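For reference, the structure I am asking about is given below.
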Amino acid sequence: MIVVMQAGSSEEQIDAVLARLGEHQLQGHLVRGAERTVIGVVGAAIPPTLKEELEHFTGVTETLRITQPYKLVSRELRPADTVVNVRGVEVGGNRCVVIAGPCSVESEAQIMATARAVREAGANMLRGGAFKPRSSPYTFRGMGEEGLKLLAQARDETGLPIVTEVMTPNDVELVARYADLLQIGARNMQNYQLIEEAGRTGMPILLKRGLAATIEEWLLSAEYIAAQGNHNIILCERGIRTFETATRNTLDLNAVALAKRRTHLPVIVDPSHGTGKWYLVPPLALASLAAGADGIIIEVHPDPDRARSDGGQSLNHANFAALMPKLAAVAGAVGRTL
Amino acid sequence: MIVVMQAGSSEEQIDAVLARLGEHQLQGHLVRGAERTVIGVVGAAIPPTLKEELEHFTGVTETLRITQPYKLVSRELRPADTVVNVRGVEVGGNRCVVIAGPCSVESEAQIMATARAVREAGANMLRGGAFKPRSSPYTFRGMGEEGLKLLAQARDETGLPIVTEVMTPNDVELVARYADLLQIGARNMQNYQLIEEAGRTGMPILLKRGLAATIEEWLLSAEYIAAQGNHNIILCERGIRTFETATRNTLDLNAVALAKRRTHLPVIVDPSHGTGKWYLVPPLALASLAAGADGIIIEVHPDPDRARSDGGQSLNHANFAALMPKLAAVAGAVGRTL
Amino acid sequence: MIVVMQAGSSEEQIDAVLARLGEHQLQGHLVRGAERTVIGVVGAAIPPTLKEELEHFTGVTETLRITQPYKLVSRELRPADTVVNVRGVEVGGNRCVVIAGPCSVESEAQIMATARAVREAGANMLRGGAFKPRSSPYTFRGMGEEGLKLLAQARDETGLPIVTEVMTPNDVELVARYADLLQIGARNMQNYQLIEEAGRTGMPILLKRGLAATIEEWLLSAEYIAAQGNHNIILCERGIRTFETATRNTLDLNAVALAKRRTHLPVIVDPSHGTGKWYLVPPLALASLAAGADGIIIEVHPDPDRARSDGGQSLNHANFAALMPKLAAVAGAVGRTL
Amino acid sequence: MIVVMQAGSSEEQIDAVLARLGEHQLQGHLVRGAERTVIGVVGAAIPPTLKEELEHFTGVTETLRITQPYKLVSRELRPADTVVNVRGVEVGGNRCVVIAGPCSVESEAQIMATARAVREAGANMLRGGAFKPRSSPYTFRGMGEEGLKLLAQARDETGLPIVTEVMTPNDVELVARYADLLQIGARNMQNYQLIEEAGRTGMPILLKRGLAATIEEWLLSAEYIAAQGNHNIILCERGIRTFETATRNTLDLNAVALAKRRTHLPVIVDPSHGTGKWYLVPPLALASLAAGADGIIIEVHPDPDRARSDGGQSLNHANFAALMPKLAAVAGAVGRTL
């Protein structure tokens, strides 16, 4: 850490900072410039709160952190890619994965039809929401455990591992009993009790990036899970909130490429939420793989016009099937397989 | 609701929309323009999902909602201001309230010293965190129930009602046993299980706006609480996330003035989180009251340099005491009292 | 256009709106719902200001526009792709273009070396700034006409058409004498005198999206040029400003795919400014082509460590050459050529 | 400046940085920590481009600037407030100023009526646009010189100094002949030729903050003017673009309070553009003065329903007159006069 003193700061002010560093068993190394003095902080263990602690010492202008605040998930710690195994499907290896399915599980007919269709088209996993976070209290909030049972039934028939969202700590045990991959939604990326509880199951976790979360905050939330001893974490970029309203969110593929450098964890992309419009899903799904994503998760519905949630961003079966060979072609173009 | 058809949409496409409206017992009223046709939707109860349901019908360009999606909290429903009573302190009446205290409860000495200081300076309530959401798993996360007991002790001595955050549904019962006003933090504004559980206590709820939440989403979260039969809701603007990084967040006083028009609920402001810098807190606290806020909530610490969280945005006792008469003057200038 | 009246609006208020519509030779078509009345506006020519004009009539809640405000550049008007010819290089056809070169022209040696290198690697055009907009008045602002002459010399030797920025109306004639494609930078996207003056040359224009410009505003700026009778417009997405600071900007590939639907104009992408980090340029360049862009524009410098501007986001010659076959592979995967 | 080396950087990499510093007559001061080495840069004159120059040296993680990049406008350079004299009206002193008038000059009757009304209500200056930047090429773009003449006529009768926008360098001489205060609009905050040309007149300049400009960029644009030897600069906050769409922009009063600390220049606020809704103008105007602004600029129109631009955010004469005593009360509450 670097402590920047104000122009004209006094020796007493500098000494006060040095003394505080001493209390933490740290040394301060002075660099006296023409205009101002800066203090380099050296020592074994810099407390995470030191930055804000020093920031408002009299005579201090600002403090600058020079290392990332996450450790376990950083690529500095572990240079090789982590591969997460989800009931036999590897995520983070050379093969890109495709996860597909409806936003919400709505009925046996619906989930079975889509599970078969995406299986046939070549998808690797089935998605489907049984517990749905909704902005309005008056909208459909999912089928609950009944939905989980239908997902399990679809898995039994198709062999596809299933991913579904868990929204609150009390439901973790229930959802974990059915799911192969536990999804933490964007609204819950900083719901720490939930992600710790999910982490403690040891199961693979799909951690969606929050709508307004920085890449650093996203990786810090992954660090919460890793700190439970669970490294089976898959990150998912799903669009951030910006001033642009012509699309539902702004899919941030910069974040995918940057996250791949900063962490050893696999990163996938959700172009359905990331764009909010079904006709933008194919080009952005292709772009995601080209940007280096380890897979994509897409909403597919047998009849999007009658979907109970997010129909406008869902592909129908035919459009999904048409997309798969294009995904394979782009994966091949960047040296991977599908 | 208005359904806008594409230029050149066919009669069959229009009929398909009308048929779907009929399934919902709604009527469609056609307006045929030179370029395109729009359909006005008329009927008793428009399902909340109708908008997205119709949006991707073939031939439909977009659908436009013409009423707000929240009902119970809207000023259309209840034109008069709601006044929330927090253990005898009224919020939302002519008198503006000042809530003050440390970010985190750290020790008996600290919370008692600050409770006495803010009481003496004229504050109406005491704030203090016992459960703290933190971006990093390696930082101080609060004293837990021990902190709640210290808050209760401070209330016993000073008479100030206490406000403290609850972070997860399982803690609601515990926190509610001590608190007079249950705070839902910004990260949890859309943690629906939590806000419903908090709402069911019937206690006053302080609902902070999420970092990236629109005003509409904020009011919809309030609607979740109101839908539990609990109208004791106080909204709190605390800054939104924008491109500007010179301040921690961007305090949105437009949102305060607009929320006061759209809802009957009281609205207060947190300039400490809203700016992130203690020296910006006084001007923005004054601005908040001038903009029509019903009160402010400010971080005060006996020794901000040694605070375990958010020290950089906390006022010390002397600065808080110096601010109070200025707040009173501005309150008076806009026809209110402190 | 749709005019939404408030719940409980009076007949007088409705009549006032209808009367105003009549003044503009428009008809209002009433749709009376259970809660409120809306008025559909029908007529030959709706004035562009009508929306704001009606918005604050007493009794009006809001007005909703149902057509895009741009006409000449819209795909509704012209369904087929426009192909812009830049000194023999076609932009917008099946072949994707690659424009490469340094941020700023710095010396004869520099620009000639890079021109030869990018030519050899297969680039189709040469970029280079002679007039540079810089946030600080104390930084290098380009070589001016001397830089233009060096660009022309590079074109003479390599045959590559040249693209360079013009920053102010008075320089349009000068820059147009040298350039093959006139670049309007992001800061000037709404500098209307400049874009009209540039448009009047009839030359191909490269219109970069502003840092905070919506897709609609971007297309409206293109409309300014088209309204001068010049349809030789190439749009360029180059990243928008968001809360994320780990990358210089957030490259918005949603916008590329959406713009391709809304306008017949070609759209290219600048991943150098869009990411701000040279090591993110290759993955985002690949993603751009996968998303449907008609080409990319990349900063290349013989020695980025010594570049006078934007070195951190420039590829060196070797990295650029290594990228080209990957671009060709992705172009091929989406059915195009390079 | 601080150069942060990567963990495990080699001595050769460190030496390369030191050597480059030597080329600039700067010294590098090494601070070797447990994990990594940082280099403090010491010397008389650090080139503005050094940061980006060093940022991509092999072995360098990042470079951190520790001084503000603006000099002439910084409060460090000149601690006392600058007071700008606009034809006898002082801006930046103890008295807050109120500038009022229509968005656009539309007719003699309109501008004279409003000039008289705002004068009578106590305004200090008259605003009115003769050249208007508009997103669409099809909307009213102002009366041009005819509008300037009408403004001058209004000044002759009322004695109010006039402020009006200039949009392009070629118009500076013309507009300067009529105006007392030259306005640079938000879209042109980084139109450097324009602001330099305006600066060279030596006249007072009203510099609006760009829609997506950071506070630092805003002050750097002011630095461009100051670098012309013209210190008669008034900054104007007018709202930034965020994800919130319920208001036209998000008025950033944090920026006002922070700018007042960072620069000696006066800062005023435009709540009309900042909110986009006339009924939000009074509360935000009051908030602006409470936050420490040196004045406000408000749109006032004799008949907002018939305004040719921005009618929805304009006060009518009566509402403006009603606001003035409230502004005076809030100014008084913060120790100032109106």
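In order of appearance the chains are A, B, C and D, and numbering begins at 1 in each one.
Assume a contact is a pair of C-beta atoms (placed from the backbone, for glycine too) under 8 Å apart; a residue touches a chain by one contact, two chains touch by 3 or more.
The shown structure was predicted, so the numbers you read here are calculated from the model rather than taken from an experiment.
Need the graph distance between chain A and chain C over the touch network, please.
Minimal hop count between chain A and chain C: 1.
Shared touching chains for chain A and chain B?
Output, common partners of chain A and chain B: C, D.
Let me spell it out: compute each chain's centre from its C-alpha atoms, then which one is farthest from chain D's centre?
It is A.
Taking the mean of the C-alpha atoms as each chain's centre, how many Å separate chain B from chain C?
38
When the C-alpha atoms of chain B and chain D are each averaged to a single point, how far apart are the two points in Å?
31
Taking the mean of the CA coordinates per chain, how far is chain C from chain D in Å?
26
Spell out, as numbers or ranges, the residues of chain D touching 2 or more other chains.
Within chain D, the residues that touch at least two other chains are 212, 241-243, 245.
Quick one: which bits of chain B touch chain C in the complex? Just the residue numbers, please.
Answer in residue numbers: 2, 4, 7, 29, 31-36, 38, 40-44, 61-62, 64, 66-67, 76, 212, 241-243, 245.
Can you check the complex and tell me which residues of chain A touch chain C?
212, 214-216, 239-240, 242-247, 249-258, 261, 274-275, 277, 279-280, 283-284, 286-292, 326, 329-330, 332-334
With touch defined as at the start, can you tell me which chain C residues reach chain D in the complex?
Touching chain D from chain C are residues 48-49, 52-53, 55-57, 69-70, 133-140, 167-170, 187-188, 190-194, 210-212, 217, 220-221, 223-224, 227, 241, 278, 304-312.
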